[in-house]
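Take a look at the structures below.
Two complexes come next, and they have one chain in common, subunit A, joined by subunit B in the first and subunit C in the second.
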Partner chain A sequence: MIELVLQSLLNGAASGGVYALVALGYTLIFSVLGVINFAQGALFSIGGYFTYLLLGGKIGANGAFPGLALPAGLPFWLALLLAAVASGLVGLLVERLAFAPLRRSGSEPLQALITSLGAGVVLVNLLQILMGAEGYSFPEGALLMAGLPDALVIAGARIRTVQLLLLVVSVVAVVMLTIWLERSRAGKALRAVAEDPTTALYLGIDSGAMVRLAFFLSGAMAGLGGGLIGLSVSLPGPYFGIGYGLKGLAVLVLGGLGSVPGAIAGGLLMGLAEALVPPDASGWRDAMAFTILFAVLLVRPSGLLGSGPIEKV
Partner chain B sequence: MIDNGLLVQMLLGALLGLSVYLPLSAGQLSLATPAFYAVGGTLAALLSTRWSALGATAAGSLPPASFLLVLILGGLLAGGLAVVVGQLVLRLRGIYLAISTIALVEIVRVAILNLPFTGGAVGIFSIPQPFSEAGGYLVPALAMLGLTAALCHRLETLPLGRAMGAIREDELAARCMGIDTTRVKLIAFVISAVVAGSTGALAAHFLNTWNARQGSFDVSVTTLAFVILGGSRTWLGPVAGGLLLTALPELLRPVGDVRLVVFGLVILLGPVIFPGGLVTTGLLERLGRSFVPRRHSASEVR
Partner chain C sequence: MATAQATPSNALCSDRLARRRRGSLRFAAVLALGLGSIAWLGRATDPATRPLAGKPITLGATIALTGNANLYGQDQRAGLTIADRWFREVGFVEPEGSAEGLSLRLQIEDGGSDEPSAIAAFNLLIREGVVALIGPTLSQQAFAADPIPQRQGVPVVAPSNTASGIPQIGHFISRVSAQSSVIAPLSIAEALRRDPSIRRVALFYAQDDAYSTAESSIFLKALKARGLTPVTVQRTQIAENDFQAPITSALRHQPQLVVMSVQAVAGGNMIRQLRELGYQGQIVVGNGLNTPNIYPICQRWCNGILIAQAYSPELDTPINRAFLRLFREFHGSQPPPQITAQAFTAYQVLAESLQRLQRKRALDSVTLGQARARLMDELLAGRYQTPLGPIHFTPDGEVVQSRFYVAEVRMDPGGRDGRFALVREQQLPEVTP
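Take a look at the complex of A and B:
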């Protein structure tokens, strides 16, 4: 019994960590530009597929490229890191195509919502053409390559290492990002642009570079999440990131738009709440995140830890 | 290449475009249209297949009067839901409203997928047909589009529509002018839901089968694209956007798998190339369409 409870709590915390990663990706861009990047879910998928390919997985595409794969799979940690970087680069591309033209012409933020959704549709369908609609499981022994056993026994409970890994990696990524934002020169510059672009300009900060940095980091966060989930569950198809993208959005608002601690707390809360749904009602689990969001928004319209915008009169 | 079936789908697309346009013309970015579409469609599918008083025959045909009743009931249920939900979510602004309506769409989708009487992942199938072929649906679809478009057109000169425009330009100023903004926003939201609900009821019969996937986040995306690409300043925009963007993936079918990439590119590049959408007030004036009243923007009034 205790094993079951511990296992489901850990599962919850692990998926909560991933939700927090996705939500932080949104937060980075939202705090700088005040817009939501709806291509985030597609970047999540892309991270999963990159990790799979770098581990030596085969390209499917309905058998168009039989046996095409990397000559040798990379070690897991390297694959995950490179996949995150690659997703970050795709994130930069999304900025260039979907956000930069609109910023130059000074259109309403609503337009960026549509263009980023369009970028997501393009990415997911390109993925579908290249890799096919079928699902993939990560190569056997990907974890062993990382030098980790399949399961650990803690306090008499058997726990899947993957879940623990998910939690640890996402927590480390989130904490590193937070420290970097707080302490480093570039992080401070990024926050300055988020706070007040005009003043940041007078201080000699290149806001364009900061926007690109935010998109790169945000894409990398999503890609990292995709790689981790791919490892823990599998890749069910090119659309699998969209669902995580939506839940990340729920977490983002739950924690309060633009609040980093809010995104982390919201992610963990959401993951744990999902884990508490009894197994025989598991079909309803996907509605959990949105029901909580709905309830919270009605009580606290600015989210759990958000301060809420001051209204201009 | 455009057969009757596609024409009906295009008209349904235009109706959904208007459903997104209505709250947006009061400045409310609601993505809840698929939720109401799904609710209307599910009710219609359930009634037509289970309620014997409607007179569905064993051969699978449905009397036209029953069909009309089901369309109305689908719209009413969606409208009723909108009255409840609207009072809760319309207190939220901007992106918070958009995301909470996405949450509504997801909750409705999961509910339809998991409720014991909606057929699970397979859904409800063999829905009785009021017409013997797809072309028969052209009449009710055209009638519904005509009615909704006429309403939107009338709104542009009615006090309610003026109030909606005022809220869109500046909600605070509108409230100071004595406009009951909460009520106006709720009315726009409810009309939008009724349109989406009836459209769903029509679509369920037209498609002959209905499941939870009909009202997903994807539909939120495409229907919003109808409005943004078509133009959100007059009702002609969402109609044009709905017709064109519904036809596009079908017309692109010959190019195979690439069609959805092209569709994505259109959504990606559209707002860049046509910042105000395809149908703008400027375009209408150039065409001399004097029957479309000119909307005064805030800058002109100042």
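Take a look at the complex of A and C:
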């Protein structure tokens, strides 16, 4: 029984780490613009597919270029990093096409929700045209895992090795982003724009550049999450990121809109809550997770670490 | 007793009443005329009333090209495209616009993976005047969409609906996909033939998927018929891909056989995670995994899984050889999945029925509506040599197929590709459910 709980905790923490990555992406954009980027789920999918292609994976029979692959696959860590960067660039494109024109015309934030939703649908359908609908799994040899066992036994609990990798990478990414936001000049500038764009402007901070930076980082976080999930449970199809995007949105609300520590805590709580649902009732996993969200919001309407009016980064 | 007296106020009331009556009558007449005009105009624009002659006959297909089931839809599109090519190659079907022979064209519409999209696609194709429909991809969609062509007298051939009760929706609904109740028990029988000592069985299925729940109950029945009750039943969700918790729970019961009824990618992940978490026994999978698309997901871990099939690429008949050749021309060396063969068959039975009607000159001087009705009768009366083997239909449109297969997945040494190797061919006596 102890083994089962330990295994559930580790699996939950691994999923929670990925949820936190997605929620952090939402948080960054929400902090600087006060809007939700609904294309985040699509960027998650794109990150997974970029990682697959950079690892040397072939496009399947239903894709636009069947059999096409890079001449040689990159090492896993490099592929994951480059895929995150590429997803960040796609995030920038989303900002240019779906957000910037509306911002310039002074539109309501609600309109940006709709355009970002549209951008997400377009991206997912583009993925389907280019890659086909088939599932993809990362080439085993490219994962630097060829010599590793399929699973490790920790205190009697059998844990899949990929889950542990997923946990470690997502924790490292979240910690690095937090440190960057707290300590670096650009991170501080981003927080200043989030706090008060007008004052930030008077301080000589280019708020437009900060918005673009937020979109890039947000896309990169989603892309990293997609690559990690692809490592663990393959790429089930172009739509797979949408579910994670919605879960990240729930985590964003759970942790408190715009709160970085809230996004991390919310992600972990959501992951652990799902994992601790008894296996015999695993069909109720989502219901359980959203019940917790509902209960938390009843007690603390601003979320776990949100404070009254929206606290920004 | 009081008597009515003709007072000025009474006269005024009766005058008003009479005016109201006249007004109501006028309104009713205008309404009736309006409705009649709309009905007449509707009748005039209903393609079923137009003569069939002088136009290519259109077959409409509604398949899932987007949404969660798009993997199946893409396989079906391959089958339909190949069938279209094949029937032109052998001369059954003349190129579009040809003056002689059967002039047939195929129109494919995306039916999405949900009920409203399938309904919209069916409506669109019916309005455009198709003679028959192929689809939709999922049983759940069929229950919602099939009543529409049934009401309008448009024949439907379902290429992949396996749930009970689909052809029973109505006279115009038929299918070429044998019910799970016929196929699924065969793989259980094979697993028990290999290891008669099996007593501990674990069953996994997606509880929010109509196909999975229906097939899992068939698996349960097949197990019970052999005196086996699962030691654990794990319910998952259709969109789930991380099964570590239910697998760990199931493995505590030390199963000797795992039976799973889930969709393709989820199944591939489940197999992989089962093996990674230490399960070494036999695995029997349902129809959802009847596609080579699982190979890249479960890779080397796919090796040895058992599956019952309504189609085997190893069937050595002229039509299957032609089907294989065309499939390989388009898709390389990989053998076609069952769902592609079934889509091919759906097109084939309709094209052959139309061809027979054409030869009998039964399509001359008829309206589209009459052609649809004749096509349905001809379809049900025919016998067909298909890639699935010989088939025909019961009067209510259920496919009658006698040849089924049990296959085992054998992966190549690299673990990236494999094949469904034929283990056993089952000749069942004229199986009708």
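Rule of thumb we're sticking to: the second predicted complex is superposed on the first by the 296 of 313 C-alpha atoms of A that agree within 3 Å, B and C clash if a C-alpha of one lies under 4 Å from a C-alpha of the other, contacts with A are read in each partner's own complex, and residues count from 1 in each chain.
Keep this in mind: a contact is a pair of C-beta atoms (placed from the backbone, for glycine too) under 8 Å apart; a residue touches a chain by one contact, two chains touch by 3 or more.
Every value quoted in this text rests on a predicted model; they were computed, and no experiment measured them.
In the superposed pair of complexes, A:Ala151 makes contact with subunit C only, with no contact to subunit B. Contacts of A:Gly135 after superposition on the shared chain: subunit C is touched, whereas subunit B is not. Of the two partner chains placed by the overlay, subunit B and subunit C both lie in contact with A:Asn125. Contact with both subunit B and subunit C is seen for A:Asp286 once the two complexes are overlaid on the shared chain. Of the two partner chains, neither subunit B nor subunit C is touched by A:Thr178.
When the two structures are aligned on the shared chain, A:Leu102 is found in touch with subunit B, with no touch to subunit C.
Common to the subunit B and subunit C interfaces on subunit A are residues 125, 128, 283, 286. For subunit C in complex with subunit A, the touching residues are 66-68, 70-71, 73-74, 207-208, 232, 234-237, 239-242, 244-246, 248-250, 252, 264-266, 268-269, 272-273, 275-278, 293-294, 296-300, 331-332, 334, 415-416. Residues 29, 88-89, 91-92, 95-96, 98-100, 102-104, 106-107, 110-111, 113-114, 172, 217, 221, 224-225, 228-229, 257-258, 260-261, 263-272, 275 of subunit B are the ones touching subunit A in the complex.
Residues 4, 7-8, 11, 15, 60-62, 66-67, 125, 128, 132-137, 139-140, 150-151, 158, 160, 163, 232-234, 236-237, 239-240, 243, 275, 277-280, 282-283, 285-286 of subunit A are the ones touching subunit C in the complex.
If you check the complex, the residues on subunit A that touch subunit B are 36, 38, 97-98, 101-102, 105, 107, 110-111, 113-115, 117-123, 125-126, 128-129, 242, 246, 249-250, 252-253, 257, 283-284, 286-287, 290-291, 293-294, 297-298, 301-302, 311, 313.
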